[in-house]
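Across the two complexes that follow, subunit A remains constant while its partner is subunit B and subsequently subunit C.
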Partner chain A sequence: MSNANWILFLSTLSTGLILGSIFSLVAAGVTIVYGSIWMPNAANGQFFLLAALFGWTLTVSWGIHPAIAAILVIGVSVPLSYLLEVLLIKRFYDVPNRNISYFVLSLGITQILAGVFSLTYGQWSDQFQLPPLITGITFIGPFPIANNRLAVLALAIAILAGLFLLLRFHRYGRALRAVFQNRDAAALRGVNVKASYSMSFALGNAVIFAGGILFALAYSFDLTVAWTMAITAFAIMIIGGPGSVLGAVVIGMVFGFTQAIVSVVASPTIAAFSYLGAMLVILLFKPSGLFAK
Partner chain B sequence: MDSYWKTLAVTATASATLLAAANISAAQDKPPVKIGFVTELTGPWSFFGTSCVAGLKFGEEQINSPGKRKIEFVITDNQTSPAQSVAASRSLDVQDKVLALSGPTSSDTGLAVYGYAEQNKVPFVVPVAAFPQLTKPGSRYTFRLEPNAAGWGYAIAKFVEKQKPGGKIAMIYSDYALMRAITAGLKYQAPLSKLQIVADIAFPQGSNDATVQAAQVLAAQPDYVVVIGAGGFDNTITNQLLDIGIKPQQLIHPFGITTQVMNWGKRSVGSYYGTFFDSNLDSLTPEGKTFVKDFIAKYGRPPSYGENFCFVTAHVIREALDKNPEAADDREKFRDAMSKLKTKETTSDIPIEFDKNGARKEYIYFMQMTDVEAKSYKAKQAFYAEWDPEVIPVYTLVK
Partner chain C sequence: MTDSSSTTSLSSDWKKIAGPLGAFTILAFAIPALLSGNRYLAFVAGITLIHIVWTSGMNLLYGYTGLMPLMFAGIAGISAYFAVDLTASGWSFWVALPVGALAASIAGTILGLPSLRLKGFYFTLCSLVIQTVITLGFVYFANLTNGDTGISQIPLPAAPGSGTISAPAFDLILAAAAVIGVVVLIAITRSALGKRLIAIREDDELAEMLGINVTRYKMTAFFIGSLFAGVGGALYAPYIGFISPRSFDVLISMNIWLMVAFGGRGTIWGPVAGAVILVPLSFLLQEYYTVKDVIYGLLIIAVIVLMPGGIASGLKRTTRATEPVAAGAAEQRGAK
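Right, the complex of A and B next:
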């Protein structure tokens, strides 16, 4: 294979992995919240953007190192989530068909956050960029890749692995999964369902915030990224099966690679629509999603 | 005899003073001339709208000197929405009874106001919007300060032709109307300038990553890469091209505003960007230097061409009214005053005059970045071009 083809192949691979792992994180966060409290969180894109903008403030305005900023951003999502839960989310726990109420509520949150960002960050700049975690370039064969992107990829995979281990082996994770599958049976087995709601809301948002700050470390962004990410995360959740974290992770990676590969063999424009087209086709054959139980 | 002349001189001076005072008083007694300024204060384009208003405010302070009839800009938010732009224009026209409209910094909202203005015969002074159709043949009430985007593409070809005769160009851009217009101009002029387009890569809105396309650009071995991403993606493309081995000296950005240039950062030093005003221009007038200094003092960064066009808009309207005071209360007369106006940019002495469609005699600077700091940057002038708005068939190239 010629050097040019190697570069093309490795760039496709790196793009697929980085985009895929970030998509997976955000979609996993959305599906955790939906799977436990039945909240289709339309505000996930704004939460993602909030994390990115908060990271920008910490690093660019306050001069904090990006690694510390990333930890702070993910950390701050927990008290924010609890506050939001106490003020708004909790009130709907006993409402029948609350997913509709939650959807409308999250649309309201979306509008409020979009307005706040537009009146603040939107008037300070039209684009935002964080300093890199690590500088320099590494050559993989003939392909040069920024060390910063490698670091983001490693962190994204580590967080996904941590999430998998938590849900699979930790007793809180097992309790969460039990609630995902059958909350009445889980309650009979002694699981505190309401407590698991709180935890899943915080955990889901922490994962979305992690996706947001990692995205901001890998790419420049502007305020429109919230809408793109919200649609992508919903599409991944629907194809993977609402409530299925494994589905979110697998389909997130598939989306990342689809975008990278189709953009080479066809065009970036076709790539942007290809996975949405795939979503419609899959839903024709399996409306409940590929990994739904 | 001496006393006769002294008395006459004193009487003449007193009369002149009284007359001037009466004129000042008459001008000041009249109600202010209202200009409706419909711009993007919220929504995705809010940065450009609020920056424009910042530039306008500096201009508004200067043009309302004592003795002149006050010009008042009625600033209204269009929420970056064409529909809201039309609604705001109608309200300013019917309720506020403004003399003219101005303000949009986006081609989408600009086109919406254009439609209203032309249909309802309201003069429309466009500060910053580059889509060619804003001054399409038959336009009568619209006057645009910013050169049209297809012309920028023409100018890029001229720049590369001078830098590297027979050069190869790669284009990598977001698929927005503005970028399509720029690349249409470049694609039209490139063969005429004996240049070759070796890559033409468009990204849809909402794209995030350009690593693979950067590799494709590298494989095409261009002499220059024209980069036109939208918003944050512009910086992502730039970084990924540099990551993969494209040299900064190969990069040409058709336009560069202050925040963009500072975000490109030190690693982009050596790259080129187009502009219509820059704090580093050789030709800044004393007023231009004061504008830059005052803007930095207030906003902590140098102004870009957008802020400058909005600053200049205030001066252009003032000058048209000073030369034609009767136009202050008559839209048709104001349209005629704008149409025959021949002036210069307050800040850089570039000529301003409009053709029969309201398009301005066009120009662009290409600057080369020489240094970037946290809140400032340095650049040197590398190329300057002026051209007739229809040097290429802009209105058929971009519909």
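Right, the complex of A and C next:
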């Protein structure tokens, strides 16, 4: 391979990995919430953007180090989730067919947050860029990559691994998975279903926030990223199978690489068309998704 | 709820609605005429009338058939672009309007096909995806739509004779469209078609077992509902004078849905009231354009949490206190 091709290959690979792991995080957050409390959170993109913008305020406006800012952003998602759950989400826990109510509710939240963001951040800047987590550049062969992006990639993969370990081995994680599979049986076996709802809502949103702050650390962004992310995360969840974290991660990676490859050879609109087309096909012919149990 | 007392004959049904319908007709024509001294206020009234056409179509689909099509604005946009492009290429607007509306109807019927397989949240999500694809399409096919920039300085339609029609005259056409829209909706809900759509809304499997051709009636509902969307879209473009993909994006679909849900789905006048309240509100807030989004978002949450039947059901509950249980049950099922 010539040097130019080698660079193109490595840059596509690194973009694919970073985007893929961030897509996986957000889609995992959405699918955890849908799998347990049956809430298809259309506001996930706005939550993602909220984390990114909050990170921008902490680092650029207040001068806090990006590493501390990232921890603060993910931390603040927990009380926010709790507040939202107590105010709105709890009311529907016993409503049959609550997914459509939740869906519309989250579209309302989307509209509110979109309005608030364009009223505030939209007036301050068009494009947002956070300071890097770490500086410097590493060469992989002829290909230069910012250490900052490598760090973001490592963190994203570490969080995904942690999520898997939590769901697989920890007591809370096992209770969550039991509720995913059969909430009545889980309740009979002594799992506190309502407590697991709170837990998964907070966990899912924390993962979405993590995706948002990591994206903001790796790339500059604008306010339109929210809607793109929301639709992408839904597409990943539907194709991977609602409730399946493994499906979210696998399809998230596929989407990340698709995005990276397509943006080299064609316009991003083509990538969006292909996601949405794939999602429609799955919705119509296999609504349980590819990785459903 | 509307079908629970269908023992009365058809003609007395019409007599019952004649009063409100007469009042609505007079107001629809009189208000733009009275406001014609102030072009801005007349314009707000005109936009409200277009939204009444839209909410009537959305009400047929969401209120009476129980489907929540979030691609509604996209369908209106298809008609708007058709009408504008055809008019620009030399067609008369009055031919382009029905052609555009028909194109929207056909598109809406095809895009409604997933409703045969998908229900509730899954259909709504599917319609959201379709809406997003339509919006991307409007941006992508820039030779027809001028992309993100949009098409501006769309002229008002030509008047018979020469020159273009005046804005106050176009207001009256909008009033006629809104009145015709409401009359068609009333006619449908009073007909066998309307009863069958309500049966499908309440339980489509049961309706199928009772011998109702669910496929055919859902497609009919989409055809008619999309026709409303298309007529509104084709009238909207020359009235505003500017269209872009953002004029017909998912937020607009949600706004039209909100007007129906806030006013009271499955009632004739609830969605009309929703449009009359919410459209002028957005103009009042025009200086703080994004405040409108926040208020609409809060209203969506309020509708879902506090008043699943909209303001019309609130009124009904106080006046007809005898059947709150039935109303509650209908709401639960309708929320599917």
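Everything below uses one rule, namely that the second predicted complex is superposed on the first by the 275 of 293 C-alpha atoms of A that agree within 3 Å, B and C clash if a C-alpha of one lies under 4 Å from a C-alpha of the other, contacts with A are read in each partner's own complex, and residues count from 1 in each chain.
The rule we apply is simple: contacts are C-beta pairs under 8 Å (C-beta built on N, C-alpha and C of every residue); 3 or more make two chains touch, one makes a residue touch a chain.
All values derive from a computational prediction rather than experimental measurement.
J.: Quick one: is A:Ala260 in contact with subunit B, with subunit C, with both, or with neither? Answer first, second, both or neither.
T.: In the superposed model, A:Ala260 contacts subunit B only, not subunit C.
J.: In the superposed arrangement, does A:Trp124 touch subunit B (first), subunit C (second), both or neither?
T.: first
J.: A:Gly115 in the overlay: touching subunit B, subunit C, both, or neither? Say first, second, both or neither.
T.: Touch partners of A:Gly115: subunit B and subunit C.
J.: Touching A:Ile7, do we find subunit B (first), subunit C (second), both, or neither?
T.: Once the two structures are laid over each other on A, A:Ile7 reaches subunit B alone.
J.: Kindly classify A:Pro144 by the partners it touches after superposition: subunit B alone (first), subunit C alone (second), both, or neither?
T.: Touch status of A:Pro144: first partner only.
J.: Once chain A of both complexes is superposed, is A:Thr269 in touch with subunit B (first), subunit C (second), both, or neither?
T.: Touch partners of A:Thr269: subunit B and subunit C.
J.: Can you list the residues of subunit A that meet both subunit B and subunit C?
T.: Shared contact residues on subunit A (touching subunit B in one complex, subunit C in the other): 115, 118-119, 122, 269, 272-273.
J.: Taking the complex as given, what residues does subunit C use to touch subunit A?
T.: 68, 114, 117-118, 120-122, 124-126, 128-130, 132-133, 136, 139-140, 251, 254, 288, 290-294, 296-301, 304-305, 332, 335-336
J.: Using the touch rule from the top, collect the residues of subunit B that touch subunit A in their complex.
T.: Interface residues on the subunit B side: 42-44, 46-48, 50, 175, 201-209, 211-216, 218-219, 230-236, 239, 243-245, 257, 259-260, 263, 265.
J.: With touch defined as at the start, can you tell me which subunit A residues reach subunit C in the complex?
T.: 40, 42, 88, 91, 95-97, 99-101, 103-105, 107-116, 118-119, 122, 231, 234-235, 238, 269, 272-273, 276-277, 279-280, 283-284, 287
J.: Help me check something: in the complex, which residues belonging to subunit A touch subunit B?
T.: The touching residues are 4, 7-8, 11-12, 14-15, 18-19, 115, 118-119, 122-129, 137, 143-146, 215, 219-225, 227-228, 259-260, 263-264, 267-269, 272-273.
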